[in-house]
Amino acid sequence: MITPFKENGDVDYDKFVRNIERWNQAELTGYLVLGSNSETVYLTEEEKLKLIALTVKHRKKERVVLAGTGMESTRETIRLTNKAADLGVDAALIITPFYYGGKMNDEALINFFTEVADHCKIPILLYNVTKVTHISLLASAVEVLSKHPNIIGMKDSSGDMAQMVEFIRVRDKQFNLLAGTASAWYPALALGIEGGIMALANACPNECAQVQKYFNEGNINKARELYLKLYPVNKGVTTIFGVAGLKYSCELLGFDGGWTRKPLLNLTENEKSSMKEILKCAELI
Amino acid sequence: MITPFKENGDVDYDKFVRNIERWNQAELTGYLVLGSNSETVYLTEEEKLKLIALTVKHRKKERVVLAGTGMESTRETIRLTNKAADLGVDAALIITPFYYGGKMNDEALINFFTEVADHCKIPILLYNVTKVTHISLLASAVEVLSKHPNIIGMKDSSGDMAQMVEFIRVRDKQFNLLAGTASAWYPALALGIEGGIMALANACPNECAQVQKYFNEGNINKARELYLKLYPVNKGVTTIFGVAGLKYSCELLGFDGGWTRKPLLNLTENEKSSMKEILKCAELI
Amino acid sequence: MITPFKENGDVDYDKFVRNIERWNQAELTGYLVLGSNSETVYLTEEEKLKLIALTVKHRKKERVVLAGTGMESTRETIRLTNKAADLGVDAALIITPFYYGGKMNDEALINFFTEVADHCKIPILLYNVTKVTHISLLASAVEVLSKHPNIIGMKDSSGDMAQMVEFIRVRDKQFNLLAGTASAWYPALALGIEGGIMALANACPNECAQVQKYFNEGNINKARELYLKLYPVNKGVTTIFGVAGLKYSCELLGFDGGWTRKPLLNLTENEKSSMKEILKCAELI
Amino acid sequence: MITPFKENGDVDYDKFVRNIERWNQAELTGYLVLGSNSETVYLTEEEKLKLIALTVKHRKKERVVLAGTGMESTRETIRLTNKAADLGVDAALIITPFYYGGKMNDEALINFFTEVADHCKIPILLYNVTKVTHISLLASAVEVLSKHPNIIGMKDSSGDMAQMVEFIRVRDKQFNLLAGTASAWYPALALGIEGGIMALANACPNECAQVQKYFNEGNINKARELYLKLYPVNKGVTTIFGVAGLKYSCELLGFDGGWTRKPLLNLTENEKSSMKEILKCAELI
């Protein structure tokens, strides 16, 4: 879920709630608040907790709420996750600590996630997002962590398909693998993962849900065809234009994007034209 | 196809021919001589031409012979490819020039492949092998080149699935996409590519052929299952142990690996034990 | 300045103060609290402010106090820096925001640092630490920012000597360039930068000061000789063993290292032996 | 030394000789034929030998001639180097084999260079050019190789100053370290290396010689000042425009650049204007 801001930089909670109400109409399974497209690193703890509370309150009743509550230190991660749990979050998505990336080896990461899982009131999912962290959870660590009863899965946004194969091979049976970026989603589905959590679903939730639905029904050619059509849009809202591109696409597709928070730049007029063109080519507008 | 050497560094042509005779018994579609696992960069032109001639002579009659005849300069690539054509090769696999990688932009690569395709007597396939070249053909270049009547396809060994999606989207209809490494093969098949040319088929040709056969028959679960089982073997003979690991696996699986040529090292005893263990886990020995 | 922790993870303020008192005896020009070797990302705001206050209080009177108060968002950076200013800090070291590294282009970074410098009560220094951030300030941005009256310099920890040459060429005359890592320090001094802020000075402050002193006196051969002798120690406390290696070296050299905070691991016994050996080779113990 | 080509792609030997005659007027110590700026990978063996013979014949009598005779295989490297020796070359510059870069570990590279040095009639220099090879000789290998009586030095074009410090620390006394790129040259001189072999000297040999002369005389400020002035020119003829930029600069500065060989592109008109502007800013034209 994106976080709309006002021009003055304050969180625009009204727009945030309006988005939830519209996503409630779409065929989604749940929501991730405070993800890597939520400008979470720009938010104060007070803002984070308010966004969590609003998500829990306004989501359609049966839908799952995940919150990205990972921090660099073990103790802060546990503290914030348990605050989120108290607000009614179903599970937490915990990013690999990465500031001292060169030292985040298997032992450090296994210790970290084990201690977090041991001390959190809600289940956790591992979050592997190499584009941001410049480190990757290895299969050797996932093999160990997937056996922990309170670690229920992983969102893998690395896009590394060879590594995904290894995750699939070594994981414990009850451990869910989710694609974290639409670019790797369809090939990973073909390999046998369970689903996805992706930025693109902010802007075109029904189309994303449709790919998964076609695939689950065994309608593989239709799933692939729709996936290939959406691919350039995903590239636009991630690699090329990032969060600002995603927010602008949301605006064009009936949601509230709002401003980015500084230092993140909004799209220029030229960039807006390119993004609009991409949406047109995909017949979304 | 691997190139077996004698301990003194000479090409072991007898072993080379014996391998072909054994591969002729397996369910393969064709052969690639002088690929990136053939230690081609260590061969003199005389040796290259002899290996080509032997492959053409000994292959099972209906099978296709491809030869890797790309050189750094345009003129040498054309000259060598036409020599290969005269020896009976069906098509040439042309690697992207990469010594001046920073300057091999779309314009340079489009010019290069167009001029090569224009002047060669046989069709060519593009060869994108980023692990070696540290550059990648972009979709924008593939879009143009796939329309050339004498460029019939591409072997993509990059393993970059997002880029493969783009290749699939932009290519001309008659242009064949082939996975160049087993690690990306199954996901790429699911995305709609045509097949693969891979190191792994040296050591276990029938198993590789079976994955493709299952997939083509729509037997997707069996294809995936076998693919996942072979995956660690592929990792062993590429990423972990490379050509020396591939040659040793060939020895264990009934083919002739022979020595590597210097400066490439043969496996140590410890490495041999690890490679053997990987083959055992995959139930190949 | 390192931040010593207790075994239970709490900040050990007593050890922190004892270190300052010992560094006060050494030939240092000033202190940097909350740098990248201070495990700053693991600290709460309350802990940060207490460490700042203690540094200001206990430093030898004429010495400069810098604080690393950069945050990902512009508004939080300004807020925290002004709190540090109120506590008596002389200048702030502001890291380039990097979570959305792909979007931190010249425009974003120039906007960020300009707005921060405009709204802070104390002068700021740019902090370019590519090993952590995976982005680099470019000379084109430094050229603009070095003219801002409230931006007084840069700590460059990139170790990229070619880029340092460009910084030297384009900077405004009044803008100070400081090496941020001992590995690049002597060559950068030779190129004409002003000095350095480096992890190594935690463990052997007098030796570091001596290199600079020899250099400033024109005693170039002695400066280089001592620098070359210290080089492996610097590699040990940065590249090889990182913060944990630095803390252990501090322990061996008469300072208080304390524990690291989780998830950062302390040295194993084997690593301790290696680090000790490095210090012995450099005749520091 | 650049290799001028005719528009039809043939080597322009007349221009090549005219360049030598002009460089003979400049304050150079010697020549490197078949370096990484000579488009060596585009040359046939016949062309290579002819260029070597012409260099030996036309160089000013006391000047050293080096030839880049490294090939991927050990046996070909020895064969070609000894042919160069027979033509009168003083020493050979041997690039690290790099096609199977992931396997070129210390053992492989030490074996390679040792066997080459053992079997060549002339002394050799190691050539570390990471931009091309994507691998680097490590200090651990250089420590061993620098003791070999027939390995007299290394041209390091990596630009990695931290690694240069390690080379300086571990090398045998009689082993010469030469900067391979002007961007790292002055800082490396300050660290104590012996000199440089650099592309830039094709276009402005006297200016390059002057930097070294000032430095050797202890005139450090003048050396640095001239170095800083030349720096953007070096960046233009290496990083930005590469060989084509170097050849065009040679044309503008009184030498014969000639055409590049395909697939390498010549400069566009816009690029020529930029390159000319850089030369003007450095007051070379």
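Order as written gives the chain letters A, B, C and D; numbering starts at 1 within each chain.
FYI, a residue touches a chain if its C-beta (ideal position, glycine included) is under 8 Å from a C-beta of that chain, and two chains touch if they have at least 3 such contacts.
Keep in mind it's a predicted model, so treat the numbers as computed, not measured.
Taking the mean of C-alpha positions as each chain's centre, the chain lying farthest from the centre of subunit B is C.
Over half of the residue numbers at the subunit A-subunit C interface are used by both copies of the sequence. With centres set at the average Cα position, the gap from subunit A to subunit C is 34 Å.
As a whole-number value, the distance joining the C-alpha centres of subunit A and subunit D reads 49 Å. Between subunit A and subunit B, the centres computed from C-alpha atoms are 37 Å apart.
Chain pairs that touch one another are A-B, A-C, B-D, C-D.
By the touch criterion given at the top, residues 9, 41-42, 44, 72-76, 97, 99-105, 107-109, 111-112, 115, 131-132, 134, 239, 242-244, 261-265 of subunit C touch subunit A in their complex.
Subunit D contributes residues 159, 161-162, 165-166, 168-169, 183-184, 186-188, 190-192, 220, 224, 228, 231-232, 235 to its touches with subunit C in the complex.
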